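In the part that follows, the structures are each spelled out as structure tokens.
In the two complexes that follow, subunit A is the common piece, with subunit B as its partner first and subunit C second.
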Partner chain A sequence: MMMEIRCFFTVIFLVTGLFFMTVSTVGVIRFPDFFSRLHAIGLGQSLGIGFCCIGLFIYQGFNITGIKILLVMVVSMMAGPIGTHIIDRVAFREGLKKESRMKEQKGRND
Partner chain B sequence: MQIFFELCLLATILLSIPILVMLLKKGGFYNHFAAILAVSTNVTLFLLLIGFIDSRHDMYVDIALSFAVLGFVSSVIVAKFMSGGGDKDDDGN
Partner chain C sequence: MKFNFGNFKVNGSPLAYFVELSAFLFVLWLMLSGRTEPKVLILGSVFSLLTAYICAPFLTVKNEKTGKEFFLLRVNFLKLFSYYFWLLKEIFISGLEVTKTILKKSEFAPKVVYFKMDYENPTAAALLAASITLTPGTITLDISNLGVYEVYALNGRCAEGLLEGTMQKKIAGVYKETCEYRPLPELETHHIPAETDL
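Then we have the complex of A and B:
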């Protein structure tokens, strides 16, 4: 019985995680410029892998491997936002403009 | 649960392909690097799921942990390289 409950919650968390990763993938494809694309990557991927790691931790149970899975979750949920922020800042400093704003300004100047 | 993990693995692969195709098609260093960031998270999950399918969790969890850390370190290193090798301070002077 206990194993069924554990499998039930594993499935719930894994499906939620994959849903957020799908949302992130759609964001990467649909967003107009680099900065918003990186925004989708930083948030969606981190939340997605966070939920998936919780699901795998529930399935694995509270032992050394389970704690390592939580460690993977902590590292991934830190790495995503920090990595994307660093790249955002470098791209902005190097002069990569937001494409959507450029189009709006061009429309107004014509 | 074995089949469910395999389906999750397939979903993770299917989620990586459009990101790679779209960002590599767009060209430019920044889009390529955004693709690396996105897919490195997917590969971390990929490794975890393979561990559960292969029922050798402890080995694959270690690989996924090192891959997650390396993914983060590589983004910091590349960003430092792109911003002039780190000789500028935070305000870019």
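Then we have the complex of A and C:
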């Protein structure tokens, strides 16, 4: 009985995480420019991985493997934004902001 | 007993930081090994003390303007934990906002907002920039030497939550600093000096 309740919550959290990952993939395709696509990737990176890790933690229970899964979540949350920030800062300083973003926005409004 | 780590000059006492770092490493050892026999515990404590002794001088960050050195773990751990859970809640709320924007394209209205928040500790600035980027819907583009943040937001509602200043205040609490946050209106942003030499 206990195991079934646990599996129920695991499935709910995993499906929520996969839903957010799917939405983030759709966003990468739908958004018009580089910086907005980074937003879409960030959604899958934080919420998708977060929900999947919480789901796996519930499945494992509070033991050494479960704690390691939570540790994976924390570390991925520390490492993810640093990579995103490096990518977007390089793009910003190389002048992508002026060129591609403005052009594409103007094209959309026309 | 005197602790002298070469040229390890920081704000506060080096010995306290050494103890803090070795305790942190020992907890990490316990979490990763998961064994509690005396042999493993003794080995773990010896290795965490040794690693902390070698690594403590390298874990300092220097403020380029004032020249002060800050230790990386000079934080209020209780507030750091409460900040982390607050951040998880915030990530969830703005994640729903971004999901709505992706599925309904009419909400897509990107804009760049500016605010000024000058921390003394460079680690606090890094934590703020990483938290902004981790929250879906907002990305830090650049931080100037004066502490002006340039944030690219997916739409107006994503930017509003950031410009309220709750996150900035909480991070100032974590690093035991005073908070001098203010948002910059559109007009002032033209006077920010351009920086290319970083």
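In this text, the second predicted complex is superposed on the first by the 99 of 110 C-alpha atoms of A that agree within 3 Å, B and C clash if a C-alpha of one lies under 4 Å from a C-alpha of the other, contacts with A are read in each partner's own complex, and residues count from 1 in each chain.
Throughout what follows, a contact is a pair of C-beta atoms (placed from the backbone, for glycine too) under 8 Å apart; a residue touches a chain by one contact, two chains touch by 3 or more.
These numbers were taken from a predicted model, which means no experiment stands behind them.
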First, second, both or neither for A:37, with subunit B first and subunit C second: first
First, second, both or neither for A:10, with subunit B first and subunit C second: first
Which superposed partner A:78 touches (first subunit B, second subunit C, both, neither): both
First (subunit B), second (subunit C), both or neither touched by A:86: first
Larger contact residue set on subunit A - subunit B or subunit C: B
Subunit B versus subunit C as contact partner of A:20, first or second or both or neither: second
Doubly contacted residues of subunit A, that is, touched by subunit B and again by subunit C: 24, 38, 42, 46, 64, 68, 71, 78, 80, 82, 84, 89, 93
Subunit B to subunit A touching residues, read off their complex: 1, 4, 8, 11-12, 15, 18-19, 22-23, 28, 30-31, 33-34, 37-38, 41-42, 44-45, 48-49, 52, 57-58, 61-62, 64-65, 68-69, 71-72, 75-76, 78-79, 82-83, 92
Residues of subunit A defined as touching subunit B within the complex: 7, 10-11, 14, 17-18, 21-22, 24-25, 28-29, 34, 37-38, 41-42, 45-46, 48-49, 52-53, 56, 59-60, 64-65, 68-69, 71-72, 75-76, 78-80, 82-84, 86-87, 89-91, 93-94, 96
In the complex, subunit A residues that touch subunit C: 20, 23-24, 26-27, 30-31, 35-36, 38-40, 42-43, 46-47, 50, 64, 67-68, 71, 77-78, 80-82, 84-85, 88-89, 92-93, 97, 101, 105
Subunit C residues touching subunit A - in the complex, by the definition given at the top: 31-32, 34, 88, 91-92, 95, 98-99, 102-103, 105, 108, 110, 129-131, 133-137, 139-142, 150, 152, 154, 196
